[in-house]
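Next come two complexes, and both contain chain A; in the first it sits with chain B, in the second with chain C.
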Partner chain A sequence: MNSQIIFHPFVLPFVLGMAFVLTYCVVGLIRVIAQLPKDDRKKFWRSLVTPKTAWANIRDLFGDCLFHVKIWKRNPVLGYMHSAIAFGWFMIIVIGHIMLFTLKPLQGVEVEGMARTFTNFYYPIFYKFFATETPVFAFLMDFFLLMIISGILIAVVKKIHSKIVGVKRVTKFGFADNMIRFALWTIFPFRLIAEKTNIMAFWWLYSIDLLIFMCMLPFTRYMHIPTEALFILLRHAGIKPSDPRKGYALAQIYSCPSCGLCIDACPMSVNDKNSGNTSAYFMKKLRNGDKEEAQRIAETCMQCGKCVEVCPVSIESCDIKMSQRAAVPYEIHSDHSYLDVISTEAEKSSKVLYFAGCMTQLTPKIMRAMKKIMTAAGEEYQFLDENGGICCGRPMLLSGKTAEAQAMIEKNTELIKQSGTTKLVLSCPICYKVFKEEYHLEGIEIQHHTQYIDELVKSGKLKVNKNDVNYVYHDPCELGRAFGVYDEPREVLENVGNLCKAKSEKELSICCGGSLGSFNLTQKERDEITENSVNDLMFNNPDEIVTACPLCLKTFARKSPVKVKDIAEVVESQIIN
Partner chain B sequence: MKENILIIGGGAAGMEAATQLQKMGLTPIIVEKSEQLGGHVAQWDRLFPAFHPAKDVVEKMLNQVKDVKTYLNTEVTDIQRDDNGFHATLSNNEKIDAKAVILATGFDIFKAERKQEYGYGIYNNVMTSVELEKFFRTGHDARINNPKKIGFVHCVGARDVKVCNTYCSKVCCTTALKQACEIKEVFPDAEVYTFYMDLRMFGPGYEDLYLKTQKDFDVKCVRGRVCEVSEDMDGKLVIKAEDTLFGKPLKMTLDVLVLMCAMEKNKSIDAIQQKLGVANNTDGFMQNQDMYLGMNTTAQDGVFVAGACTAPKSLPDTIGEARSVATQVFNYINNK
Partner chain C sequence: MDFGFCLSPSSHVKMDSVDLTTFNRLKETNPDINTCIACGSCTATCTAGNFTEMSFRRLLLMLQRGKEDEAKKMIQRCMLCGKCTLVCPRGINIRKILLDITR
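Up next is the complex of A and B:
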């Protein structure tokens, strides 16, 4: 339209904002990489050229950053809302640039050299002011612009009444986050009006809106837009956060979009007062440098991992909370001298080695059931801790005391290796997690008893009856979400009775409330979580609740209207001799 | 003045309240869900601190209420109130009109299975204090077979956040020592241990019982909780505990382990209690108006409480409350 013009002052706010945000991102990128521990940095570079991780990078960069697959899966309305805005915006930028290179020279105005580079910077953003496009491009541009606006409309509805889009609780924002959101919402309507009417005031408003958006971006949740890509690369490099504020964690902090999907998911949110202890707020506190609050939330968290499961960006908030805990020296004075005198009666043989663990020692029914099952299946086994054993180390790890945990881990490793076993069976998912992640037991298969029993039943070694009882299965956090052991226990239960469904299952299962993870939840708060979880399990009126964790068992037993059993007890009662 | 007073529960509190009300010229009616009057006391052999036979007390109480109208094997299934008072429907479909209601529903025994780590219902030789009392009464229990080592665990289901009971059950400390002495009487050669958090010897003669337990009966009182129980190859119990006075963990093999189960609120009355509009307190027992001057009254006019339905209580406490509730009801009827 204004075909002879190649510059207008209203592009300056945009250019300024863009320059700022690009500079900030480059500096931030260097900072994150520089803060990585040396080994992690090496891992990172290597992962970029390793075909397997490189492919995962490409897959997730497209899947997560561009198409938002995870939000779609979780909530299609939110998926559309986010895609409409983010993907729509991405597309008009891309199409703008395609036009730039295919339609040159722009309406007969020849611009070369530095000037050309400069105009390229803003032409695609304000192209309608400077050029006329072909009908196909015009249609595409209008289409995506309207798509963005439709997304914004949903966002406005969500802001007014989030329940319409299936979200009970939303993140509460401060001034900056609210302001940038308002800027984002108005950018595109201003652009549409400017393009259709060519009124100068709207071109100015559009550009100033962009300036506001980009200048505030680094200090608000919208920083997730540029950061997520880097986070995906770092995540695939297999790095764990070593400091709650630096390096990898920093990339995660800025990648958190504060969308608040974790707020509804968090078991603690059953009490509104506690919804402020969810991961979205934890990440905010870290970003704002509020160490005290971040520490408090890190200590309150039960480490059930549900927020990580529902997170559309896969922020590893549990790991970051653990590194936050490790950053504080708790006054724990532990004396591990007793470890020297501990030995096991297990003799050297390749028999199955059973380790009950502390929690199973407190629920002797499980131990008794396991003994019966192994005997009935004709398995030769040895009991590692029948007369007392050593803790697996998880409680110490949860308090960030890695060295103390290591002492126990080493002693247990020694005892297990001494036995010469090739298969270690555990009854407690808490132990299972630590054995899988922290122990180096090469050549020894580690199984939880759900997997072991499933194997015994499938191989025909263990014969069981099927009865008429309706069971509902509760997925313990450390077995389900942590290791994806969802099918084995269900298959076992289908062999001994009828399996009915809970309202929230598998990766969405609700923590029992007894978790070792939290330091400061009160018993009353825990009870509320337990009641909520029990109600969820009772959704289809089962006769019995079955779980596979001694701690879940003890926790549910206090609040459940029906019998609560461990899967081993259920199987034990159905053995055919 | 021959107004009906409905008393729900025919234990110590219900019987004593009925006795007093009758003497005051009112007409008490007892509704008892079990087949006999006497409640938990009737199941007991001897009472602390002086080993007084429970039968003695129960028989005297029964004698006093022999003229009171009593329904056995009967529960209140519905209750309504209007300007004329309360109208209760019983499980035998009879209807009772009354001017006031006394809830004397007492307590239930904590279900020891809920503390799975103590092995009740899993290992043969773990029993409850109630079962041991029955042994004293009948002289028979398959689990008690000339035991050489016996342990008592205090506070099972009481002062324990993990089972949602934070309150003290009041009578178990003294009962444990009484039973420790009694088992020693039956098996003088046996070693007897009690595992306590602290011993709450609150009444007259109770502290003397504690001294006697140690001096005359040589019972060993260990300060520390038992943490877990398991069974060895011979079916003997292996317990792990901590002696907090020595600061040392200990492990011990026992023939019999007795769990001193706490009192819990009797939940079988919940539906009627709700209809009457009486709330529960934070311990899950019934809420009275206050613990000083309003211990027998509730937020509802004409609904009274007595005995262990409001908190764990000893027998003397309960009898005292039963007498006090009778006075309260008498004044309530007269001032109407």
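Up next is the complex of A and C:
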């Protein structure tokens, strides 16, 4: 090859495309940062220089953007597919630059100033056309190029028959997404042919393919490539989306690769019609500015958090859905002034305070079991809401009415503080989540009854028998995924019986279908979700299903072939007097 | 003149002239509203009903009778806790209906 040639017109499409993408990204970056609320922006700048978050940034930038650790963990075949293409591409760009700066092919050639910068811009991308490589570099380049092509082959197989790579449902794409995908798939075969045969037409095709890819990138899912880096920085700054389309949420919208891993994960997908209500489509609707559809999907979502758990980019779609809900204007506002006169029968003492919550009031057997357990353990306790209390506020928050939930939160806080307790025990994970996140109860330890019972058993206050019933434990979304309370209930169950495994456990547990998060799901749709969840729990044929949420309990009881019990009931039946 | 007693005001509703806009709108988006048997389970479990007049059964009746102002006043008491939806023997999505009324 002729090392004197330093320019050929076929590089122009690439240069044009690259210039466009870079400009777009800079403008987008400024836009996102400008849209952040002032406090959030301050938090963001500060997080960049705080050692702890800065370290997390570096770790995730390498782990997520470069090595795709999360996809590997979820599905190794997909992990290889994505890494082969993305990491392979990254490597050939890097090696191209290393060659340019170590082999110095431009030495002795008269290029100065701007012209040199311009040359450096495209030279590594078309290296083989302009200069010769050393054998080591040539091997590396071919190796990574073939790696990319192997990744593309898997992608083609996935497109034809996704089940082979372990994906049941894939995202349905529009014209633009399909076209850019085709461009991406053809870039590397073209490059390989061009490098091996040096036919001009293929160098042109390679460059034009790059132009198509770059020009369509901002308007398709591939925008996640540049945006994810910004999203990682924003995520570690501890910001919550305040608007479903602006600032932080915008960065998340563009970071969503529409990979569709959330579609198979979503409990709603048992019904094919509802698989369109999953987070991948929600992000797409937001991106296209389809407010009505985005609103509908946001209100259909059960907020179980599984899509966030499986998301390889960690997009907090549940939070965005909440801000979408909050964006709806309501004509009638709540008036909870009647709460003022409510008082509690609980007296001032440092006893354990038990708050059953609305859902537990509906399942009094849990309350009875808790009373028995606390008495048997010799705990001094009092009830906050034995004769009916007020709602914890989470259902109101779930409807996006943050200010209106505040009335209930304030009243409950007042009642709890009045009691002078140091430990608050809750039976409902829905309450637990809101108490942990929204209440300011300094000096009061908040425990769910699974944690409390575990503590009582471990400290020897509560003595229990072990029987030979096989239990399977269902992780309530708001206890498991939200707070990682996985081990305590399992340890309790191992003390009273045999624990067997469900098909999907812990962070992958399937929502019972009863969730208060969804407004739109009909009873029939909910029943389908429940059946699927029950089948998953019955995987190892347990004798009883045990859960720790009164709502899950009620929901499962409708569809389960075996007895469904709350963990408190199970423990109560095994107490040694 | 005070006789120490009086006639109670008439609760007569002229069904020909009542305004059923809200109720008809609800019927369209939530057809399951028609399956209500007015059993009162929703009222019996209502968290807000413990302290106030809040009752979904009555709320629905008010809307069917065109008493929108009264209904709108009552609905402000709701805490949206969703117990009514859980106990409804007809599986009516009461929480959704309550939210729709306030929109």
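Keep in mind that, in the parts below, the second predicted complex is superposed on the first by the 569 of 577 C-alpha atoms of A that agree within 3 Å, B and C clash if a C-alpha of one lies under 4 Å from a C-alpha of the other, contacts with A are read in each partner's own complex, and residues count from 1 in each chain.
Criterion: a contact is a pair of C-beta atoms (placed from the backbone, for glycine too) under 8 Å apart; a residue touches a chain by one contact, two chains touch by 3 or more.
Here the structure is a predicted model, which means the values were calculated and not measured.
Annotation for the three-chain superposition on chain A: chain B and chain C clash. In the superposition on chain A, A:388 makes contact with both chain B and chain C.
When the two structures are aligned on the shared chain, A:364 is found in touch with chain B, with no touch to chain C.
Of the two partner chains placed by superposition, chain B and chain C are both touched by A:554. In the superposed three-chain model, the partner touching more residues of chain A is C, compared with the other of chain B and chain C.
By the touch criterion stated above, A:342 is placed in contact with chain C alone, chain B being left untouched. In the three-chain model built by superposing on chain A, chain B overlaps with chain C at stretch 41-49, while the rest of 41-49, 59-67 or 95-103 show no clash. Comparing the two interfaces of chain A, the one with chain B and the one with chain C have residues 361-362, 388, 523, 554 in common. Of all residues in chain C, those touching chain A in their complex are 32, 45, 47-48, 50-52, 72, 75-83, 86-87, 91, 93, 95-96, 99, 101-103. Contact residues on chain A toward chain C in their complex (touch as defined above): 328, 330-336, 338-339, 342, 358-359, 361-362, 388-391, 393, 395-396, 398-399, 401, 408, 514, 516, 519-523, 551, 554.
Chain A meets chain B in the complex at residues 361-365, 367-368, 387-388, 523, 527, 554, 557-558. Contact residues on chain B toward chain A in their complex (touch as defined above): 114, 116-117, 119, 122-123, 161-164, 227-231, 238, 240, 251.
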